[in-house]
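Two complexes are shown next, each including chain A; its partner changes from chain B in the first to chain C in the second.
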Partner chain A sequence: MNIITSTLAIVSKDVRSELRTRYAMNALLMFVVTSVATILFALREDEVSTEVLSGMFWVVVFFTAMSGLSRIFVSEEERGTTMTLQLIASPSIVYFGKLIFNCGLTLVLSSAVTILYIAVFPAFVIKSMGIFILTIFLGSLGFAAAATIIAAIIAKANTKGTLYPVLSFPILIPLLMTVMKSTARALDGEMFIAAMSEFQILVSYLMIMIAGSYLLFDYVWKE
Partner chain B sequence: MRFIKYSSIAFITFVILAGIAIPMVPQPQSWLEFPIIPGLEEKARNIFFHVPIAWVSVLGFIFALYYGFRYLRTKDFDYDIKSVSSAGLGMMFCILATVTGSIWAKFNWGSFWNWDPRETSIFILLLIYGAYFALRSALGQEEVRARLSAVYSILAGLTAPFFIFIMPRIVGGLHPGAKGDTAGSTPMAQLHMPPNMRFVFLIGIIGFSLLFVWLLNMRVRIARIEYQISKKEN
Partner chain C sequence: MNSISITANGLSKDYNHSSIFKDISFSLSSPASLSITGKNGAGKSTLSKIIAGLLSLTRGSITYSVNGKQIGIEEFKHHIGFVSPYLNLYDEFTALENLQFLSHIRSTTQQNSKRIKEMLTLVGLWNRKDDIVGTFSSGMKQRLKYAFALLHNPAVLILDEPTSNLDIEGIDVIWQIILEQKKSNILIIATNNNEEAHWCAQQIQVGTT
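Presenting the complex of A and B:
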């Protein structure tokens, strides 16, 4: 089997097991609904600025992602299937398979948050669609890239749930600061060219994270 | 090591004496006088202590990363001992840098914390150190602990360019070298100091770096003994 088909085989295996249990999807969507509802209670009557809204947007995405993205490696560890996976595929194939699955999950997640935000916050009006879509896309991919390697690390630890956001947050800060800024630009209706420096940062972050994880994954994965 | 020990003591003693005793005057005439920097006045003396301490907290992380990298290459457990000892020291200096900087900021910029890019960076460094030790305490097996904490330190090191080069450019700040600073926005702020101040400052950097090497050496030796004892007990 060549690299692409085996990577896709890993992805389709994860998608199928996800569709059978619907664990991650259901839990994540409920998490999104509850956290947006909490924010809504707090900001009921207020006129909120675009900075606050875009900040809150990524706070929801961050904590939802932190509650669900570690599943990808933790579930292998819990079901005791890590060894099998180590035998049948090379580490880089496993890594890219898991990365693609997590990317898909994060994209679904941030789209769900977007739809919910548009529905419930009257002030959340996307004035520059181009900036917004590209930010969501690159931001989600960057999120997934950093979250996947950290998930592989914490799958071996004793306290998985609490440790995940603790380890991910320092790594994700450059990304979070950038996407918050560029989402605020999209809500303010700025020109596409104004957000160019943010996109450059997002692309370089994505590249660095994927390249670094690819090189380091061998050490995490192999016993 | 004895040479490093005594020279670090000598250098730091010199910095403490010179940094505190040399008077600050509006128009310095001789080399034994510092000029008064408007807005900073006597508070400028903190630069001889705060900046070297902040530098050492970064040095501690670089050493931890380097030894972690060596551990992954060689699987020699001694490198893990060096890595964790260095991270522990770095964390201590990081807390010291945060505290000294925060006090300086209160009296100079009006509040303890301003989220200026460099303050954010040191805060993130503190978070990284915290996460590193949280990860270590959550991993039971020695070999797994050494391996994964080395991976995490390298991964955290990968984000460093964003804090050093990119963030100071896009977020306005108060430290020298930030966006909007006319003195130039190079990553390492250029030293705009008179020669005698610069001399004391550089001696401070060297002295504190040597102090770090000395302390690291002591910690590594203690950790090696503890490791051997724990092996014998099992």
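Presenting the complex of A and C:
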């Protein structure tokens, strides 16, 4: 069994499944549109600081991700295909397949929120593109890494919907604080070097989350 | 042809502090066949899932060997074909796509396109290969599960309620599959049906201790 081929087979299956069923995509896009619209109505003509704008940006990403990323494992449980996957693929292949899919989904989601923010908030002007792109990239991967293992845990629970944000929030606090600070730097137009400490935190968070999830996944995945 | 053996010693399973079954032991070396019988809720399906490595044991041990060499369950799963009411395929994909997915996971795409056709023809679904599985009847889904289980030519075939939802023609096909499997490989059947239980040389009854 070739690990890369098998992992890509899981990713490909999930992408095609998502395109056909729209399990997560519709929910995510609707959440993005409604939450951005709500913020827009609340702020109206008010002038807000870059810290507040970047905070609201990641609040939208956080809650949207929480409403959609759990589907990756919950949908397998609901369709009764978890056992099929357990039989034909090793836990590590399933984990990395699901992680790659969630990374892609979160990147699409973050990009959609960015485009919408630029379109509706005149104050949301990205002055340091390098900082912003790297923050979005590392932040999205960090979100996906944490969301994937939590999704695997809550898929086995009875109270799937409510448990997900409750479990996710404490794990995502360090990530949220870092990406908010880094995004504010991008909006303020600071030099790339000024955000290096945030990038170090984001890379460390990502590595710890993936390594920890990889070690934990065997126990979560097997009943 | 690989020589396969499965040895179980004192298998016990508890769920929510109550015992489902306890002290089940057996030994199988290919060719061999075993039926697991018992009342509803006795733990037949649970035992078949444990043998397939899909559930953990509470007590006891189970070892798997290929050509005399003991291997772990993750490696042994490549030798297992499993048909069970609890094991579903993807409703949003066609029959062909489901089998292709399995081939891709097992990284055997090249050799398997011919095998996929063979298996779908065997279970009488070749003409429906491009239909979405969600539109299949329960009997057709059961037939597809057989194609899915046999695709990689497994040395161990585990069947939980093997003829459920099948018509007479479907049962005949399964009977042929069982006869073929018994010749040189290991067959395990979990059933309530006495006739199906007698298809196997060895029998164990769960839920009687």
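Here is the rule we go by: the second predicted complex is superposed on the first by the 223 of 223 C-alpha atoms of A that agree within 3 Å, B and C clash if a C-alpha of one lies under 4 Å from a C-alpha of the other, contacts with A are read in each partner's own complex, and residues count from 1 in each chain.
Convention: contacts are C-beta pairs under 8 Å (C-beta built on N, C-alpha and C of every residue); 3 or more make two chains touch, one makes a residue touch a chain.
Bear in mind that the values here come from a model prediction, so they are computed numbers and not experimental data.
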* To do: Once the two structures are overlaid on chain A, check if chain B and chain C clash or fit side by side.
  => fit
* Considering only touches as defined above, state whether A:Gly212 meets chain B (first), chain C (second), both or neither. => first
* To do: Check the residue A:Ser6 against both partner chains and state whether it touches chain B (first), chain C (second), both, or neither.
  => second
* Asked: Does the superposition put A:Pro122 against chain B (first), chain C (second), both, or neither?
  -> neither
* Just the number, please: smallest Cα separation between chain B and chain C in the overlaid arrangement, in Å. => 6
* Where on chain A do the contacts with chain B and the contacts with chain C coincide? -> none
* For chain C, which residues count as touching chain A in their complex? -> 49, 52-56, 74, 77-78, 80, 82, 84, 86-93, 97, 101-102, 104-107
* Asked: chain B touches which residues of chain A in the complex?
  -> 149-150, 153-154, 156-159, 163, 166-167, 169-171, 173-174, 177, 181, 197, 201, 205, 208-209, 212-213, 216, 219-220
* Structure fact -> Within the complex, chain C is touched by chain A residues 1-2, 5-6, 8-10, 12-13, 16-17, 20-21, 79-81, 83-84, 86-91, 93, 222-223
* chain B to chain A touching residues, read off their complex -> 72, 120, 124, 127-128, 130-131, 134-135, 138-140, 144, 147-148, 150-152, 154-156, 158-159, 161-163, 166-167, 170-171
